[in-house]
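First subunit A sits with subunit B, and in the next complex the same chain sits with subunit C.
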Partner chain A sequence: MSQHGSHRLVVDYGNDLRLFPSWLSRTAIAVLGVLWILLPMQIGDFQLSVLNRAGIFAIGALGLNLLTGYAGQVSLGHAFFMAVGAYSWAHFGGEQNLPLLVWLPAAGLIGGLVGALIGPFALRLRGNYLAIVSLGLVFIGIHIWNNFESVTGGFDGVGGSRAARIGPLDFTALTIGGTKYSIEQAYFWLIWVIVALAALATKNVVRSRPGRALQAIRDRDVAAAVIGVSLTRYKVSAFAVSSAMAAMCGALFGSYYGYISPDQWNLLLSIQFIAIIIVGGVGTVFGAIVGALFIAGAPLMIEQYSSSIPLVSYLTKQADMTVATLNQLLFGLVIILFLILEPRGLAGLWFRLKTYFKAWPFSY
Partner chain B sequence: MKLFAQLVVGGVAQGALYALVALGFVIIYKATDVINFAQGGLVLLGAYICFTFNGQWGWPFYPSVLAAMAVAALLGLAIERVILRRMIGQPNYAIIMITIGLSIAIDQIVIWKWTGSQRNFGDPWGLDTYKVGGVVIPVVNVVQIVAAGALLVGFFALFRYSRVGIAMRATASDQEAALAQGISVKRVFGLSWAIAAAIGALAGVLLVSGGRGLGPDLSFVALAAFPAIILGGLDSAGGAVVGGLVMGLVQSLTAGYNDKLPAVLGPNFNRVTPYVVLVAILMVRPYGLFGTREVTRV
Partner chain C sequence: MKRTTSVVAVLLALALVGAACGRDKKAADAPGFDGKTIKLGVLEGVSGPIADPIGKPLSAGGDAYWARVNAAGGVAGKYKVELVKEDTAYNNEQTKAKYTKIKNDVVMFSQILGTPPTKTVLVDLKTDGIAASPASLDAAWVREPNLFPVGSTYQLQFINAASWLVNDEGFKTKPICQMAIESEYGNAGIEGLTTAAKELGFTVAATARFKGTADEEYTAQVAALQKAKCAAVFLTALPSNTGRIIGAAAQKGLTPRWIGQSPTWVSALAASPTLAPLLQKTFYWTSEGTTWGDTSVKGMKELIADVAKYAPTQKPDVYFVFGYSQAKGVHAVLEQAAKNNDFSRAGILKAISEVSVDYEGLLGKYTYGSAANRSPSRETVIFKVNPAVPGALEKVKAVTSDVASKLKIG
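Here is the complex of A and B:
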């Protein structure tokens, strides 16, 4: 039996659980690593800002994917937890100017705690009911953000120091070996290394015992309980971890944009996260990242290049549609089309392509 | 006391409209097990179609309303046939998301076609008021209560006594058994969407009447009907009415007595009271006042 190449047969559990099962995935990771170092020097600040926004969203989406994709619980409350994290940044980073290694873990901790407090109540409900109660969370959240002025600055929002410092590295004015780098370049390195860590952490959760427990709950909760999976424990843990990741995503969002206000944490933001994992591929780690590139990045690209994309320029110039409206419309249509045509998302398309070539010249 | 009476009338009127929107949700949920987040979009679209007939093409008001309801019903039918029919058997996050996608798309199409600006809605009641013993009651509130009440009575009669209504109830209680009795479940699905869309259109027209003005933020109002259906129970049409009225009253009273509430709750607390009630209800009775208790085995 050949042990190399992506056609390798999976013969035991150890094989199945490997982080990088084939030379192809190992090469891909190496290429991404090199890209991570070199890309900021090759492309402009605008493209980097698109990638940065997408990276921040990818972190939150990885968390939601754990809850929705793996544990099967739909939550529309992700924006609430993102806000919790963003205000943690505002307090510890923006106001007190503590370094990143303080406010980022603090945001995760606070988000996780709030999630662990709300989780047991929310997860008594299943399916549709959970979706609706988490919707309530978003609205109650906006009310709190508007009124808890000492931290959130009320309606006007809050800013302050970006506080993106790790030891001697200050990402707002990065200088290495005498070369100065722009904020976008510096944040690109910062954000995407965190994305990689978050992806690694998620991957490790899903390929070990808790991950299998979550998937068992998703597929059939009764059966999972019968074989000894503690539903409450795993569901609440998934909720807390997902909230913690949303909070870290929010903290980075706050630091990156340097200013946050209550009306940003709306229902549409929560919807974006669900759209990211649907478009990327529910229940896959790399799907959450690809989906974030697509959902969080595409609108910025369309806005920037609206006059040179044929259909977009027609709609915005001749048919009186603003770019913002067009972007939202496309967002809605993309969700509908993916769910109807390829419910497994972009990851699903990739698997199809892969199996096609794996089995070639046979159809399957 | 005068203030109280006024608030109660306003609350019941608002509640009657929540009840209409909530009824649309419940009809679709009962028949097809779909939580329709696009109901707000149907409300919005219905109001704008009526505005087009009445305000832009100059049709008389009442025929415009009926025509808008008919057009909305056709749209509901089309949405079910083209989109939701393909989603049968998919996991519920997918179904929730497809209706959310629809709602976003409808909102944007409305903004594109009719622009995002506020329009004057040509309803015949405007800002007129009745005065009953010193209490000022807007005419539109009375119309809202009467129209919603009439429609609800009509719907419940249809649901209870007509062949169509019986087919709908049979489908809701057991799809396979209904199929075995010769009921076309597909037709019931389509019909549920059509009825819900028509009710939504009427709710939209009534919501923007009385000088409130027509704008794309209307679909947001419909979201506030969610707490109402949870309070009443997702699958209870009667519960939708009770839930709607309670939410309308709670919201109107907290708005009226906002200055007497503890300061810690903050100004504009009335905007979130339905959601606070929602969370409280779900803690105490997760399946609402009149909903079917799901058998939980674990």
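Here is the complex of A and C:
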């Protein structure tokens, strides 16, 4: 556990494996829980929509982080699996109007199965070669989505019922105790509880036997095989779990937007996921979520407050540049800067800060 | 376990406190209207793939029209109009985010640019009970009560143009082909020509599809059209594709008669010295209304006067005219709402079902009413290219074919 510079004195394995090792982390979780309940009642729909989008992306990023951050397999195929999930929603939710507890697990299952099918082929390769092969998936995918019209609607895209229902709760028209809540409020509660579950699941995977196996493979696959880790089994499982999470992310994406079309599942979407885990911090659960908040949220925030951010307002006026163009430039710049200056991402910055204060006044 | 219970208890207590101090004061009866000013949402595309040819002039047209309305005192002579503009970059996710951002500040959306962005927010429009006017001619909008469609449909454009070719221009026995972008807009064009072929009794000799990306080569498509010996090709494309497709075909010796859907054209095409003679010879454009500067038409005369006053640097542009006309339609809806003295969301939807709009020759006659009874103009005007006149277009013929008149929509 000391890999992130946390200098807590750990005296036994049990202690090392604890989910919430310190009073600090327990308090943080409690505060987040309170925020989860209260935030939707304090901020506006626009801010909530930014957080909702970030939450959806966080679920996919958690999956990619498992594959890339922990198992060391770089995949550019995330957009493909997200699409698989989104079309699962379109079929079971949008068209057949089945409740969330049907289409969300169905999406995860289908995504996981497709991942497990493709995994063995893709994972014979590693490093850059896997990235290139998985890139192919995105393009094959776009071809399939354009032509598998009975499910995807072809170029026209597909929509239908959002089907965000769990038992008596309908998240598109949420009413509790006579108070009506907006769609953004309702989806915030829904999405972020799923983010929490996904984070918990990921954390449990990485702190137990499979997680240690994956990290061993990442650090040196031959060595891992020598000590008895089944490479195929763990690589394929990681690929399947990662795909399942991408698919659930896609299903929520479909339900939240209510309409999806084939051109959305492009390479840029996959790159966004890579950017999220780089900026957030490769190989940390916390990083995937923070990264999603940053990458999915920052552009909208910059645009919203563009007139009051000094450099942005200057550039958009002087260089005849729209805020959207500027955002694209910043997106690239942020990734480059993180790769050069802080490869551990925002999570790394946090650990650094934490260590600094833990060791204070001897923080040199 | 004990700790968990107490944590849950604290959370619940806080939740109750939170619920008590809710964020929204009670929503206004008419969001976007404060008794003096009417705020309209504009989901425009001033960045992204179609910003320069379509998005910017479209919004400029709307701006000029509303400047005119405000100069005359506003809607019903007393309510000034204010536009709340957001850039969607012609991207679905951005459109949804921007929609959420401003939906509670506006009376309705006076523009949503493009078919995919409109589809993206249609679910929300229905849930929220808000009205919007799409800048897109998809036939699917005609029957949507939350949408206020302006202009004819892509399908009708091709049905009329095909009738004109077959009945007036002697193409009955010649091979007629189609080239369409891979999108729902492309599908609309294909639907139009397929319907025409069925009703008029010809077969489409070849259908080529293309991606529409900036680096696309059209070799395969041109070869397919050449093989079918196409005498006419119906083109459903964006302005950025048009010149390159026609140029690529000409290089291979294929110079059929091109029939372009309304979004294929941009005046800048006629400014290219190599392309202009080719377009002049082969390209026909299908749309509505009249040419830029045709002051014999009342609507155009006003538009030209408004351009001089409010947009003096504006060059002749067909999307400017559409943006201006769309604003004219939305203005009529607001006048109707003012007459009903109801600017609430439900009030606007009611006004849309009651309104009748005179586009004064800028567009064909659209019969409004409840969504089930609406009927877009069945007339299509065929234009051809002439670089010598303002806007580089001149009228060939206004066509209202039998097939178009009888066509059932939705």
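Just so we're on the same page, the second predicted complex is superposed on the first by the 355 of 364 C-alpha atoms of A that agree within 3 Å, B and C clash if a C-alpha of one lies under 4 Å from a C-alpha of the other, contacts with A are read in each partner's own complex, and residues count from 1 in each chain.
In this section, a contact is a pair of C-beta atoms (placed from the backbone, for glycine too) under 8 Å apart; a residue touches a chain by one contact, two chains touch by 3 or more.
Computed from a predicted structure; not experimentally measured.
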item: Which of subunit B and subunit C A:Phe331 touches, first, second, both or neither; value: first
item: Which of subunit B and subunit C A:Ile274 touches, first, second, both or neither; value: first
item: First, second, both or neither for A:Arg162, with subunit B first and subunit C second; value: second
item: Subunit B versus subunit C as contact partner of A:Leu38, first or second or both or neither; value: second
item: Partner chain(s) touched by A:Gly72 [first = subunit B, second = subunit C, both, neither]; value: first
item: Which superposed partner A:Leu98 touches (first subunit B, second subunit C, both, neither); value: neither
item: Partner chain(s) touched by A:Leu135 [first = subunit B, second = subunit C, both, neither]; value: first
item: Touched partner set for A:Asn146, first subunit B, second subunit C, both or neither; value: both
item: Which superposed partner A:Ile302 touches (first subunit B, second subunit C, both, neither); value: neither
item: Set of subunit A residues, in rising order, touched by both subunit B and subunit C; value: 146, 325
item: Subunit A residues within the subunit B interface of the complex; value: 68, 72, 74, 121, 124-129, 131-133, 135-137, 139-140, 142-143, 146-147, 221-222, 225, 231, 267-268, 271, 274-275, 278, 282, 319-321, 325-326, 328-329, 331-336, 339-340, 343
item: Of subunit A, residues touching subunit C in the complex; value: 30, 33-34, 37-38, 40-46, 49-50, 53, 146, 154-157, 159, 162, 172-173, 177, 179, 183-184, 257-259, 261, 263-264, 300, 303-304, 322-325
item: Residue ranges of subunit B touching subunit A (in the complex, touch as defined); value: 35, 83, 86-87, 90-94, 96-98, 100-109, 111-112, 223, 226-227, 230, 234, 265-269, 271-272, 275-276, 278-279, 282-283, 286, 294, 297-298
item: Interfacial residue positions of subunit C with respect to subunit A in the complex; value: 7, 10-11, 14-15, 18-19, 21-23, 46-48, 51, 87, 89, 92-94, 96-97, 100-101, 103-104, 116, 119-120, 122-124, 127, 182-184, 186-187
